[in-house]
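You will see two complexes here that share chain A, one where it goes with chain B and one where it goes with chain C.
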Partner chain A sequence: MTDREARERARKLRFFRLLGIVFLMMIFLLSFLRLVWPRKAYSAQERRTLTQFPEMTTENLRNGTFTNAMEDYLADQFPARNVWVYLDDLRGRIMGEKYSQGVYRSGSSYLIEEFKRTDDNRAAKTTKAVMDYLREYPDISAYFMLVPNASWILKDKLPGGAPIDSEEDWYTSWSQEVKNANLSNLKVISLAPTFAEEAAQGKQIYYRTDHHWTTYGAYVGAKELAAQMGLAFEEQNWKKVEVHNRFQGTLMSKSGFYSRTADTIELYLPDPDVASVTAYKEQQKTLPGLYSSEGLTGDDPYEVFFGGNYPWLNISTKAKTNRKLLIFKDSYANAMIGFLCPFFSEIHVVDPRYYTGDIRTLTASAGITDICFLYNIKTYYEDASLSLILEGGEADE
Partner chain B sequence: MVFSSMTYLFVFLPMVLLAYFIAPPQARNMVLLAFSLIFYAWGEPVYIFLMLMSITVNYVFGRIISNNRANHSRYAKLNLGIAVGWNLLALGIFKYYPFVSSQLRGIGLKFIPGMKLILPIGISFYTFQAISYLVDVYRNKIRVQRGFLKFALYISMFPQLIAGPIVRYDDVEKQLSKRKVTLAMFGNGGEYFLRGLIKKVLLANQLGALYVQIESLGAAHASVLTAWLGAFAYTFQIYFDFSGYSDMAIGLGKMFGFRFPKNFDYPYTATSITSFWRRWHISLSSWFREYVYIPLGGKRVSPRKHVRNILIVWLLTGFWHGAGWNFMLWGLYYGILLLLEKYVVHDRISRHPWPGRILTFLLVTIGWMFFVHTDFSEMLTYVGHMFGVGCTFANATTGYFLRTGLLVLLLGMFFSTPIFHRLNEQFAVKYYTTSIAIRIVMFMLCIAALVYQSYNPFLYFRF
Partner chain C sequence: MNNHYKKLMRKAFHLILGAIGFFLFVTLLYVIAVSGKKPVKAGVDIVKDIESQNVPALLQAIRQKDVTEIDVTVPTTEEPVYSVPEKTTEEATMPVTVPEITEGDVTEPADEPATQAPVEPTTEPPTQAPTVPIPTEPPLTVKQIKIMDFQEEWNEKLDLNDVRNLTNEEQQQIHAMFMNTIFFGDSMTQAIGDYGFIDMSQVIYKRSASVDALIEKIPEVAAVYPERVVIFVGLNNCNYYKTPEDFVTAFTALVQKLREQIPGVTLYVSSLLPPSDVLGSTRADLVRAPMYDALLNHTANMLGVNYIDSKWIVRQQNYLKDGIHMNRTFYRVWFRYLQLLMGPNL
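And now, the complex of A and B:
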């Protein structure tokens, strides 16, 4: 061995010795910190409850629940979790990653959920069920409003060439299906043109980090709907209040893209106040009103509207009118229903994802004068529960 | 349990290290065995009994064969037959019965009971180790292991238990009785382990996410170029996934004083298919060569028999990777390519390394698309897209994937060549504080990716 080789070998050995020590230190230091680090119940940043030490039962051990939960627990309770999560986000940014768990990261701090046309038949079935149902009630005025999602209205903000299916294309074919059904009592409200205009003016229609529309978006939607319903919407006064200015929504926690911008949740309160709300879940309970402070401070601040989704809400208002509205809806509607309260004496809100009652009994018994279907396009496209409850009624007859 | 998990890194590993190095040397095998069993039971609490039974059966038959191999070779042969048969039966029932029975029921043989079984982790690996041990004892290549504990440790040692390398008994025989770990060797093990972890967590997982996204594209967004990007992503993913796991296994082995054989040797720089298979999953291909191909006569037979031997070996290799027709197709594909290389191309390729290298890489990439698609119509669609069937050459979506995936693909390319390895070694010797700092940062990035666990599959878990 030459001198040089011997020197190199010695340096190599020294390097490996040092690495050995560093490796041991990293493993043991982090393992120790992990042991003594205080456990947390909730991550404000990710907006979710963190996994706690899993319950050790024979059954859990046998079927692997325990070991899986253990891994989640360790990841969730890791010392300084937020720092690691941020570090991983940073790595993703450097690597140019733009997509995670169905969510795209746009240049302008918007997180946008993808739209995928996986099964056109499912939505066609839903549409047919709605048309068949409405055909049974020719005297009731019906309204159909499918709210475009951010991937349509804000498509310019998406990373170029992102493989998203066009909501617009689907909506066009859907409009044709509805037209073909030829229902004289049905009005379709298309929001896309208005929304595109609003977005062009710099108005915020969607939350940056959540898949819902903002209250402003809902306001614009309500105005369009009210015009079709013939309501004196313009005469109504609204009192704007900001109830949350650090709102980081589901798209952020879903994707792990920790966009550092936060959104503001606004409420438009009718002036004067008009409504009292009864919710039906397992038991009948009276809600404090259209808004819930409990929901606002909980896991999902969007639940400030009613405190979340209920199978069936019955809203009685002080409005002096005979019009009674039945709404079939998803969570988008939660932000909009408040705008309709001054114009109906009663509003029944059915969320088909959770509702188990008979729709036709409800329609007939409640003296309904107006029916509205109010969904965002993505949920309408993906959810099969609406056609199920509408068809379920037929099967019972 | 897998190495790239929080449970392993921050609960299991510190515990086994502490216990191992605190224990007196004569108790260390016991410590390793106990932790290996826990390691296995963590994911497969029920199948631990299957593994213990396998250990016992193979231990006993090893002793019987060894006692009889000198004078009663027929009796030894019979016992070898029974023992190998038992191993194959266990593998057959747990790995292949659900597939075979569903195929037979599919062609109308309804009287055959169907069965859904979860594949015991690592069964393909430890069964092959056991068979190689039995055959080697029979062939008098190794001395039988009389210590039950040591034998149990050979079969179940956690570093190589669930995804190889398939360690030959004579590679570790001495180390089972006597081994030494120096701090430098431990550090060298740490280097291997970190390299494997980085390959798995920072490269394979990101490449996998890229492939999954491309694979699930609707026909409206597909294009030739995108399909190839996806295929390359998977090609690199499976390499980093599997070679990363082997690196971690080899590194852990070193930490406890074992030297496991090399399992990968830059396979994507191979200049021919023959050379690719000398560089990919070396412990498996050499197992098939030694225990199937050569006993069948290898190439020292008539060309017709040689063709038969090659096809048998490669159908089996394919089938070893999974109970499915696509794996057979994949094996057959390699059998045919190897025959073509042998009988048609000859050494024309080896005179032109670069065209050979590129062609080999492309053929391997296409091969992985047979491997990954268990559904034949999906396979045809995907491979069709790669060759322009039903889609354009490139579109806006191609641009998107180039922008978001090119960096990780280039890194993949770079890290699968020996160039990086050489540079890394020279750099480490020259600037070792910087090198250590880089390793700490990389390790932290791995932890960060594991803490935020969005996508962490392990491809070779099925085998």
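And now, the complex of A and C:
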């Protein structure tokens, strides 16, 4: 009895010793790996810049920023970080997790970003700024198109009982706000009914792994917009070109829900070609066409459109018209601008998130005939930069 | 005991190896999951085809359409007919007396461009060269009268130091007019953007650069493919170029390279302004400024570059403390003058 107990104790002791040794080895091994592992500045998988070793000053130490930054640094520069994230995804999949970092994993391989009504006032402020701005230009035709996100159109694909807020509810109240502003020169384009129809027919409007709409979705949007703008859109032929068929987008990076799910990126090129040139104004570069092979082959292939988001683009086209368009937009518009090129001689594309110039000077001096606000609902709701550039009107030198 | 620990260590080692093996397996799975993210080759080729189009040719096609098919208010054809005739009328009111004095003691440089000039323009495609007339005939054209009126009006305001800021409307007109123009030069040009007369996206500058240093920046200007380039340089050149010939050669090279790299561009050059009286009296090298400006004027005329005489805008009280750069007041008038000369109203 005592003998067996003693043996049992010895085994336990051995186990704990083993545990200790493995534990210590792990710590030393990982610390060693950490020391020699090359530092990365940017994560292609997560599409963000990684934290670098924080600067140590007495000031930083005292107010705690150093230690905070140190934590971020250690997490960001962890050896083989991507594989750990993937391992966590595998674990989550076994455990049946369907939510990560604001993204839901749906049964049909769609990753869908959630919509949260965090601050209605911010959006209301933006809407008011837009209305005030448009009121100053009664002679310019204005169009407002808020593109519904996947969480609205594909809400049936969401896991049952997912606690998200309804984009539809917010959109209804927003429509009312716009109607109350009572602007005679403004037309609102609601895409939800058309999109619901298209989705029901099995057309792919959104990428499975990216928060953007597909070029087909943009095509449907452009058709609706063109109808309101009075453009001969139906007469235009488009040549479809597949440029990527293994596209894995930002939602995969964001959520860490890795899979072999992949999407196809298409471009629709006007069939009798319309010559166009894009001036990247703040970058002081003028490039032919609207597309970037560098963006296409880079980390985020959606950047095939213009190579990403830029503060101010000026597209000149050979279109035989003197209509000039000013677009306020987010990245959704990048896929759609190509559809408008055959109908406008000039398109100014302003991304309020990066634009620093004076918007009223631009509006008045560029001979604008049409203004379009083109956002997806989620970005419009969450972004405060549009109201900032529209309100900062009184430029005094 | 020793043996016992050895055994333990071996076991621990195996465990660690197992962990590493597992991790490698996960790595493999991960690599499979994210592998093959390659775009379609044919698609990339199509995009590259679009990208490799020739911008000047495209722009020409696009801008031509503007002229022929649509009424656009800003005509692109420029007739450079200024700066030379007014000089005689200005000189009475101008505080700065220009070449004559300095040309007296430096006779060689004065002939210099004359000897050089016939050589240079022959290599140059004579696109604009013949359009520069040197009108000495007495009857004044409407343009000249307009310019004289403008100068009279603003000379008066400058003397009274009563130059108001650009109105919103004027600002917008300037913005519209120079949408396809690049302002190119040294700190004199930088001020244009810094003072906010023009969006910084229209300005390319290098501080305290000589004309030689600007030549290196030409690819940046060419990347924009502007319709017009306004060159505005300052006194850096007076101490950089030891001899006037060097300056003329450098400026000629600048103009040639600009035209080479930006086909169809229309070039303008603003006067090289003299230093303030205070600075001028202490710096011997800057005494040559008026002579360099005269050379600039002459060379520009020979090359078919539109020389914009802006010396008449200079007033002593509008110099900054350094005696080289000008304050906003100067640029307010300068821009209105540019608007008159380069705009559709003339």
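The rule we apply is simple: the second predicted complex is superposed on the first by the 299 of 397 C-alpha atoms of A that agree within 3 Å, B and C clash if a C-alpha of one lies under 4 Å from a C-alpha of the other, contacts with A are read in each partner's own complex, and residues count from 1 in each chain.
Please note the rule applied: a residue touches a chain if its C-beta (ideal position, glycine included) is under 8 Å from a C-beta of that chain, and two chains touch if they have at least 3 such contacts.
Quick caveat, the model's predicted, so the values are computed rather than measured.
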Which of chain B and chain C A:S316 touches, first, second, both or neither: second
Touching partner for A:R14 - first (chain B), second (chain C), both, neither: both
First (chain B), second (chain C), both or neither touched by A:F78: first
Chain B versus chain C as contact partner of A:Y99, first or second or both or neither: first
First (chain B), second (chain C), both or neither touched by A:G357: second
Partner chain(s) touched by A:L30 [first = chain B, second = chain C, both, neither]: first
First (chain B), second (chain C), both or neither touched by A:L61: first
Chain B versus chain C as contact partner of A:K116, first or second or both or neither: first
First (chain B), second (chain C), both or neither touched by A:V22: both
If touched residues of chain A are counted for chain B and for chain C, the larger one: C
Overlapping contact positions on chain A, where the chain C interface meets the chain B interface: 14, 17-18, 21-22, 26, 87
Contacting residues of chain A [partner chain B, same complex]: 8, 11-24, 26-28, 30-31, 34, 61-62, 64, 67, 70-71, 74-75, 78, 81, 84-85, 87-89, 91, 95-101, 116-117, 159-163, 165, 256
Contact footprint of chain A on chain B as seen in their complex: 1, 5-7, 9-11, 13-14, 17, 42-43, 45-46, 183-191, 193-194, 202, 206, 209, 213, 217-218, 220-221, 395-401, 403-408, 428-429, 432, 435-436, 439-440, 443-445, 447-454
Chain C contact footprint on chain A (complex, rising order): 14, 17-18, 21-22, 25-26, 29, 45, 80, 82-83, 86-87, 90, 241-248, 258-260, 262, 265, 267, 269, 275-277, 279, 281-282, 284-293, 296-297, 301, 304, 312, 314, 316-318, 320-322, 345, 357, 361-362, 364-367, 395, 397
Contacting residues of chain C [partner chain A, same complex]: 8-9, 11-13, 15-16, 19, 23, 26-27, 29-30, 32-34, 36-40, 42-44, 46-48, 50-55, 58-59, 61-63, 65-66, 69-72, 165-166, 168, 171-173, 175-176, 179, 195-197, 199-201, 204, 220, 223-225
